[in-house]
Amino acid sequence: MKKLINAADDVLAESLAGFAAAHPELRVDHVNRIVYRGEPKPHGTVALLSGGGTGHEPLHAGFVGFGMLDAAVAGEVFTSPTPDQIMEATARVDTGAGVLHIVKNYTGDVMNFEMAAELGGSIPVETVVVADDVAVEDSTFTAGRRGTGVTVLLEKIVGAAAEQGRDLAEIGALARHIATSGRSMGMALTSGTLPAVGKPTFDLPETEMEIGVGIHGEPGRRRVPLASAREVAEMLVEPILADRSFAAAPTIVMLNGMGATPLIELYLMFGEVKSILDRAGVTIARSLVGDYITSLDMAGCSVTILEADNDTLALWDAPVATPALRWGM
Amino acid sequence: MANAQYAQLRDWIDRWEAHLIEQRTYLTELDSAIGDGDHGTNMVRGLAAASARADAEVPEHVDDLFKAVGMAIVSSVGGASGPLYGTFFLRFGATAGHVRELDGADLAEALGAGASGVAQRGKPELGDKTMFDAMSPAVGAFAAAIARGETPSTAANSASVAAHAGREATAELVARKGRASYLGERSVGHIDPGATSTALLFQSLAEALA
Amino acid sequence: MKKLINAADDVLAESLAGFAAAHPELRVDHVNRIVYRGEPKPHGTVALLSGGGTGHEPLHAGFVGFGMLDAAVAGEVFTSPTPDQIMEATARVDTGAGVLHIVKNYTGDVMNFEMAAELGGSIPVETVVVADDVAVEDSTFTAGRRGTGVTVLLEKIVGAAAEQGRDLAEIGALARHIATSGRSMGMALTSGTLPAVGKPTFDLPETEMEIGVGIHGEPGRRRVPLASAREVAEMLVEPILADRSFAAAPTIVMLNGMGATPLIELYLMFGEVKSILDRAGVTIARSLVGDYITSLDMAGCSVTILEADNDTLALWDAPVATPALRWGM
Amino acid sequence: MANAQYAQLRDWIDRWEAHLIEQRTYLTELDSAIGDGDHGTNMVRGLAAASARADAEVPEHVDDLFKAVGMAIVSSVGGASGPLYGTFFLRFGATAGHVRELDGADLAEALGAGASGVAQRGKPELGDKTMFDAMSPAVGAFAAAIARGETPSTAANSASVAAHAGREATAELVARKGRASYLGERSVGHIDPGATSTALLFQSLAEALA
């Protein structure tokens, strides 16, 4: 295992320490592993809280700040945070208007956030569960689809809406609207390696890749021979368009890196995705290319497409100031 | 017809921890094949927290012991197994009550309550290829043995056998809950990690009551 | 070779196409491989031009925009651009006040920029050559040190100064001041792979790493057994502090990823670097953690430290709006 | 005493291109060991541009031919070898002049001007482990042979031998210019890629004039 770490058990704590040092504008609770804004929101404004396993950086801590999250709660590597952590963060960020929990649809995350909301007491909580990954077929009889890329776009868009002072019911409704308006699909050239395990989660020969992976190093839908960027783009975009048409309205498209894929390849892939969408009559109104929701040191990428009406686009363009997403201020 | 004593129940947890430590790599390998490769790490972290908390609080009654164990697991594990095993022990303790020993029927009821808690929390159905496929037959076998008049120790042996059989049968199943469900048909041929830690849970109970 | 590309020969053109699609706010000349701002600078303002081989993304194209570069010229992978490209870009960005060429100190880059300036005709050009990499010893008798991380900081700081309307002589002097006020040192866990070559530039066994690498996949100063993040941080920071004391003034510190190292490790490394600098009495006034000057898909990182007086810090904090660096607007 | 004809000089470039294509992987391997692994790719790209330009412009005189070749290399290669070889051919052509053939002395003068151009552009010194360590002895051997009254063809053979010897001798040197200089002592034991492409340049000249 080749990683810039000390002991495997200390990765989360030490990475958080480095994050705190690099972002003095944020506040970090190292005991509970929570990252907060430096300046809390005005009283009476709905707060946004998200969290999940570590290993997806910059998600979620990198999205804490004006116009996006109020706090991010970190679990162990690929492991949801616990109810105590979530309750603590919820209590701290509430300004009296309630809290939106943004949860990615994994059994662990859903149960831990559920327990936190149950045990949380009097603070009104709305929960949105993101389940956008079209790689998961037969989702009706299972725990459903995984939550992946739409989470990032949702945190930005709903974060901007909260900043405007919309109330908890509106925020919850908007969040659910965004969550159901987007789809994602990912692929891996290599498997990531959990620090505590020390070897790749799955073996992927030099000549093969996995299509339909999530962000936890789970194997994907199927294993296929290595293919060109153009073919990979098709394998990602086609299942998305087969699942939902995006031809009716403008879209926001994210081409996301899994952690070990350089930007030169991500841009190249974005070009391929755009060609396919152009041919399919899908309009890209806004885009994002880079590492936003990763899977440790996995090489690979994912595509996310979100239908965006005028309200959504205006919220997308609104100012944001977080470590990983920043514009307009 | 020996009742299960507090010390034996405390020993149950210690033995489970020891088995989990021993099988950590194996559990992680199982989870790497169809999940995310952390089940061994999660369980070892949770049981370390549980025994530390039980050592620190020095509970003297069954409800306090399992509240400590359950809360420690809930607040240290995260992931899917944290709320599930946490709920199992919290319900087990609450049902067992403020006592120092449990007879066979009490134990059957507490185990049943634990398993129901898991069923409510995770909504697994039998055959979904989860820990519930080891837990449900184990709890059933325990209750049946007690109903037949057997000792808690013998009943725990039956439960362990049933849990192991349930665990092995998960290999043939298509996962419908948890991360393995994302794999669909590709999950077939692999044993479920959570069912494996559950088999160890009932094996530890049998050893503790022996 | 596992890369998200089509044919090796098309990587540069196709990546640039994807970049153009993702950044409609910039203008791209695909024939000459030049990225320009969408909105040219006001007449009479000094323009900043940089360029170099491809494979270091986001450098340089990701730094084109308000407050930073006016144009970036891309060469082939790890190969400096040619004089024609540089001349074309120089002519286009000049607003009448002259152009600063920001050149990383590699024989190829220096010679191609030199030829461009010689052949360029009447446009006044100032050139700054960045040579900040302390890994290169004996630099007196050689072509000198490589230009690495300081390039990024210089482009930001001098870009802000140009925006203020400082004249070409002042801009040239400031650029040389910044270039000599910073030092860098890098390391690699794995070698990158050139698309046209198809296998790693150097073999690095699972148990070893290279200390003192540049950004072109060249082997480093020495090969050593894998070590902890803490020890790696020492191997990078100590040669920097041995070369130049940074205790006298505040500093800007960059912890840069080489392309395949995830953010979680970069933050962890930043924490280690900060501990060492704290002990050495070096004050970190500003910091940057992420992929800013990369080496294809190499895993590894580099540390850059820049002494920053009040003018420098004010210029650092000034608004910038580029694909890869953005704040204040 | 045959003069070098325009067609032979055109052939020189074609032969060099063929050798570079053939040795592309080897040049890249040499550059991977002590540089950045692109010398083969760079040279092949440059010569493709050079012959395309020469084909398109159909120059009829030596100066025009080598201006086309030099400019094509300068504007297609980049890196270190682009300006260096580009300068070599631009100076070569300018010195040779608007002619259709060159006698031995003319050729010696043009080659010398090319090498001086490289020396000015890259400031290499002998022993710096660069292409200059093959080029300088080659040009010297050519001039000496012509001075001894030999034919351009024989002189080119001597130049080729000298270039190859110079190239091989780079293995023992510590690099002081170009990327290899960053390696310091670690560059010892490796042959310089640029010296290798230069040895092929003089070998091609010998073949073209044979």
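As written, the chain order gives the labels A, B, C and D, with residue 1 at the start of each chain.
By definition in this document, contacts are C-beta pairs under 8 Å (C-beta built on N, C-alpha and C of every residue); 3 or more make two chains touch, one makes a residue touch a chain.
Values in this document were obtained by computation on a predicted structure and should not be read as measured data.
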item: Given subunit A and subunit B, the chains that contact each of them; value: none
item: Most distant chain from subunit A, judged by the mean position of its C-alpha atoms; value: D
item: Distance from the mean Cα position of subunit D to that of subunit C, given in whole angstrom; value: 32
item: Distance between the centres, which are taken as Cα means, of subunit C and subunit B, whole angstrom; value: 55
item: Separation of mean Cα positions, subunit C and subunit A [Å, integer]; value: 29
item: Set of subunit D residues in contact with two or more other chains; value: none
item: Where subunit A touches two or more other chains, by residue; value: none
item: Graph class of chain-chain contacts, one of line, ring, star, complete, other; value: line
item: Chains grouped in pairs wherever the two touch, ordered by label; value: A-B, A-C, C-D
item: Residue numbers on subunit C that touch subunit D, as the complex places them; value: 53, 75-85, 106-108, 111-112, 114-115, 135-138, 141-143, 146, 194, 196-197, 201-202, 214, 216-219, 221
item: Sites on subunit A touched by subunit C in the complex; value: 2-7, 11, 14-19, 21-22, 54-55, 57-58, 62, 189-190, 206, 209, 226, 228-230, 232, 255, 259-272, 274, 284, 287, 289, 291, 294, 296-297, 299-301, 321, 326-329
item: Touch list for subunit B against partner subunit A, complex; value: 28, 32-38, 41-42, 45, 74-84, 121-122, 175-179, 181-184, 186
